[in-house]
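Listed after this line are the structures, all set down as structure tokens.
The two complexes that follow have chain A in common; it is paired with chain B in the first and with chain C in the second.
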Partner chain A sequence: MSLRNSVNRPPTPDAVEDQEKEPTLQEIINIKMIESGEKEKLMELLRERLVECGWKDEMKALCRAYIKKKGTNNVTVDDLVHVITPKGRASIPDSIKTELLLRIRAFLASAAL
Partner chain B sequence: MSLTNDDNMSAHSQVSSHFFEDLLDSIIVDVASECHRVARLGLDRNFEEEEEELRLSAQARARVADSSNNGETNSKYVVDIFGQTHPPVANEIFECMNCGRSIVAGRFAPHLEKCMGKGRKARLKVTRSATAAQNRYTRGSPGSSYSSYSNSTGMNRLSNGASSGVAGEEYSNGSFEEL
Partner chain C sequence: MMSRNSMYTNPKPCKHLADYKLRHGLSGYNLLQEQIRTTPSGKSSVKNHQTEIPRCCFCNGYQKRLYLCLICSSISCSSHTLLHSQCENGHDIAVDIERSELYCVLCCDQVYDPDFDKIVMLKHLMDLPRSGNGVDVSAGRRSSKRRRLCSALELDLKKTKQLVSMRDLRAKSCYPLGLRGLNNLGSTCFMNSVLQALLHAPPFRNYFLTGQRNHEVCRKRSSDRLCLLCDIYVFFSAVFSGDRTPYSPAQLLYSWWQHSANLASYEQQDAHEFFISMLDGIHENGVKARSPIKDTGECHCVAHRVFSGQLRSDVTCMSCGYTSTTYDPFMDISLNLDTGNCPSTDLANKSLKPSDNTYVSTLLGCLDLFTKPEKLGSDQKFFCENCQERQDSVKQMSIKRLPLVLCLHIKRFEHFPVRRMSRKIDRYMQFPFCLDMNPYLSSSVVRNRFGNRMFAFEGDELDTSTEFEIFAVVTHSGTLDSGHYVTYLHLKDQWYKCDDAWITAVEEEVVRASQCYMLFYAQKMLYYKANEDLVCQPVSPRADPFLPIAGCC
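== the complex of A and B ==
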């Protein structure tokens, strides 16, 4: 009896070990932060601090100036993001940055990572 | 694990910084998107007012510059008892303490009205304080006949709002107390 080819298929190759899919520390942190609700809290805290110190107003002023120059209908959100990102990142007060970093690290420590 | 304590610490710092940058980027996108929305929907009353004011200020300044040449205006000059004449449009230009723009003195009062809160439009001016505070005061209606009342609520809002800067403090010490 000749073996039918369809039955005698070569064995299915083993699935390639997805080693690059193993979550990085960064990703693990992110997931833990989101799950525990800490990310949301930190986001709100950061927002509040940035409003208090006038950072948000500065960014809004930059946006308005750019919009005035370019004309209201020629501006995209992407443009605005590019306008404020460099200044935005640079003008964060150190105290705020420190406060947030401390909280993040405390979380890392408490999550025993 | 072969990670030393130091390695752990620097990995932690790196991850923390990275995470912070992420948070910041999200917030930046939010702010950009909010500004974009306000601009596109025309919600920023100040935007049109600013342009109108710039135009009016420029006009006023032009008039001031011209007034010495204009024969017509000269005839309107009143001579006071010291023999001085006063130009019809006040000359000096100085800075509004509320918004920081340079305004010709002759246009200062109307500017303050818009800037500081006599009218409905000024009250709707978006400031740093919560919209809730804003809504509370706009209920003191635009059609109100008590102009002093609406003036004071305007001032009130200024002294409460965190964004008012120097002007708010000045007024909260002055007129606010009288009420």
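== the complex of A and C ==
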């Protein structure tokens, strides 16, 4: 009986799983940015810039075109997200990327990471 | 929840949302309410602890859209919501954490529930400093909308029909009544152009033609003084008499000069300035002549009844979200041309919008610009009541109440007092013949601040019509110093060019291609009613309906 129990025992966790629990650098930075409130500020800044340069309007237009093509009742939010995300990411102006990168770098420097 | 304009009727809930509501009612929403935080800019999110990063309970990911289950509060990312629903029966409805929006896992789509949005908005309002938050939950106050409608109907008429049939039938023309050339009395095209527009503003026209202006008993006239309103009445009668020979509005010009002495000269004036001063003159004359009727703060002179609306201005503190709202009346709206210019520097790299050369300005673009939130410069810091100090702030304009006739003025003349120079902006602007003002109303603009919410905002007017039809366009050609104004009138589906004494029928394309300076739109029902009343009679082929007098202009 006890033998069967040991056979039925769940497998020990892999070493791989352990590694996944170690936070990556990216995660550490993210956590620090959220804790300090910097992430929220950067998100607001990003939103503002994307509206200013017309990116948001462009995305809206793309969404509308897509919905028109497929028909209002045949589109879900998930569809839109899947379709628009790659286009959105690709069309972010370099100036905005640069600005945000500089801000993040400055933050890293100040947080002594 | 009020139902209103079709743009905002509530979408039907999906089966799963309906099931959820049946079983759980509002309990899930209410529990969530505590955790909702709204930023000063209007974005609502679900925040359990300020700094804890929400993660998907399946993959620990935090970078995709995250959804909070309304029943068990477990968080899944967009890839794993379905998995959660499969594990737990009936856990189909979730909330997008970042946006506070409902999501149906089985439909894979956003869903809407006014009860949910109400709860989100109430939390937001409770959190905001005091009640000066720009959003008032009070059930629609008893608006003067009814009174305005009645007033519009008063001006609208049965009488005009009778009058029209009794009119002088000398004319024998197939042109509508009320089309008559106006002689130029010396650079007075600025006046002629605006007068043509006023002649055909439906409620304005009706007021003067139906004798609501009782010219016989005008006290001023009897004491031999000038009365602007009487002169306008005489002018209307002359134009609508059926006589097609060009008319010289000399008396009216003289009368107006008395009122606006500073503009009295033979120099070319600005048509818009003339328009404003004319309305001002009517107001002053009207106010003196009649006793104030039930003081509601609204003026009942014909100028106000026809042209006045109300603007709303919101200034929001960027630190705490406190919003200060003010209301101001307007007789017309002056719009800056939208040029498609973005403040962002790097457009040459990624051209999101076509460059200046190909971007076409449109009226809707100008209206968008007018109602766009504008960051106030650091030299204009607003004193926030809540923070008790000067803060960076955002200002946004919107239209609280639309007039019966909407006059839109395009700012083409730029004056630089410091440099002592002025210039004219010739840029072409496209404008529609039918205009729906809904997106520019305060109810729409304020609603948009808070994302996709099904929520009744203060000032949502149930029976307001927002659809307008164009009836007159005042155009300007030439330079600032030596230019010429021409008006195009839209009567009974035909466009007429009114160039001082010369009136000709023209094609729609001509009007569309013109350089508009002032646009006159009337509320749709008033416009169509007015057009019904215009009588046309068959023309005698030989006679030239409009005889210009040589030597003018």
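Criterion: the second predicted complex is superposed on the first by the 93 of 113 C-alpha atoms of A that agree within 3 Å, B and C clash if a C-alpha of one lies under 4 Å from a C-alpha of the other, contacts with A are read in each partner's own complex, and residues count from 1 in each chain.
Definition applied: a contact is a pair of C-beta atoms (placed from the backbone, for glycine too) under 8 Å apart; a residue touches a chain by one contact, two chains touch by 3 or more.
Remember, it's a predicted structure, so these values are computed and weren't measured experimentally.
Student: Check whether A:R89 is in contact with chain B, with chain C, with both or with neither, and answer first, second, both or neither.
Tutor: It touches chain B, and chain C stays clear.
Student: Answer with first, second, both or neither: which of chain B and chain C does A:P23 touch in the superposed model?
Tutor: neither
Student: By the touch definition at the top of the document, which applies to A:L42: first (chain B), second (chain C), both, or neither?
Tutor: First partner only.
Student: One more residue to check, A:L101. First (chain B), second (chain C), both or neither?
Tutor: first
Student: Which partner, chain B or chain C, touches the larger number of chain A residues?
Tutor: Ranking chain B and chain C by residues of chain A touched puts B first.
Student: Which of the two partners, first being chain B and second being chain C, lies in contact with A:R64: first, second, both, or neither?
Tutor: After superposing on A, A:R64 lies in contact with chain B but is clear of chain C.
Student: Taking the superposition as given, does A:T72 touch the first partner, chain B, the second, chain C, both, or neither?
Tutor: first
Student: After lining up the shared chain so the two structures overlap, which partner does A:C53 touch, if you call chain B first and chain C second: first, second, both or neither?
Tutor: Once the two structures are laid over each other on A, A:C53 reaches chain C alone.
Student: Looking at A:I31, would you say it contacts chain B, chain C, both, or neither? Reply first, second, both or neither.
Tutor: second
Student: Is there a shared patch on chain A that both chain B and chain C touch, and which residues make it up?
Tutor: Touching chain B and chain C on chain A: residues 30, 47, 52, 54, 76-77, 81, 92.
Student: In the complex, go through chain A and note every residue touching chain B.
Tutor: 25-26, 29-30, 33, 39, 42-43, 46-47, 50-52, 54, 56-57, 59-60, 63-64, 67-68, 72-73, 75-77, 80-81, 83-85, 88-89, 92, 97, 100-101, 104-105, 108, 113
Student: Please give the residue numbers of chain A that touch chain C in the complex, ascending.
Tutor: Result: residues 20, 30-31, 34-35, 40, 44, 47, 49, 52-55, 58, 76-79, 81, 91-96 of chain A touch chain C.
Student: Using the touch definition from the top, list the residues of chain B that touch chain A in their complex.
Tutor: 11-13, 15-29, 31-36, 39-40, 42, 44, 47, 128, 162-163
Student: Which residues, counting only chain C, touch chain A once they are in their complex?
Tutor: It is residues 39, 41, 51, 53, 60, 62, 65, 78, 103, 107-110, 342-347, 349-350, 352-353 of chain C that touch chain A.
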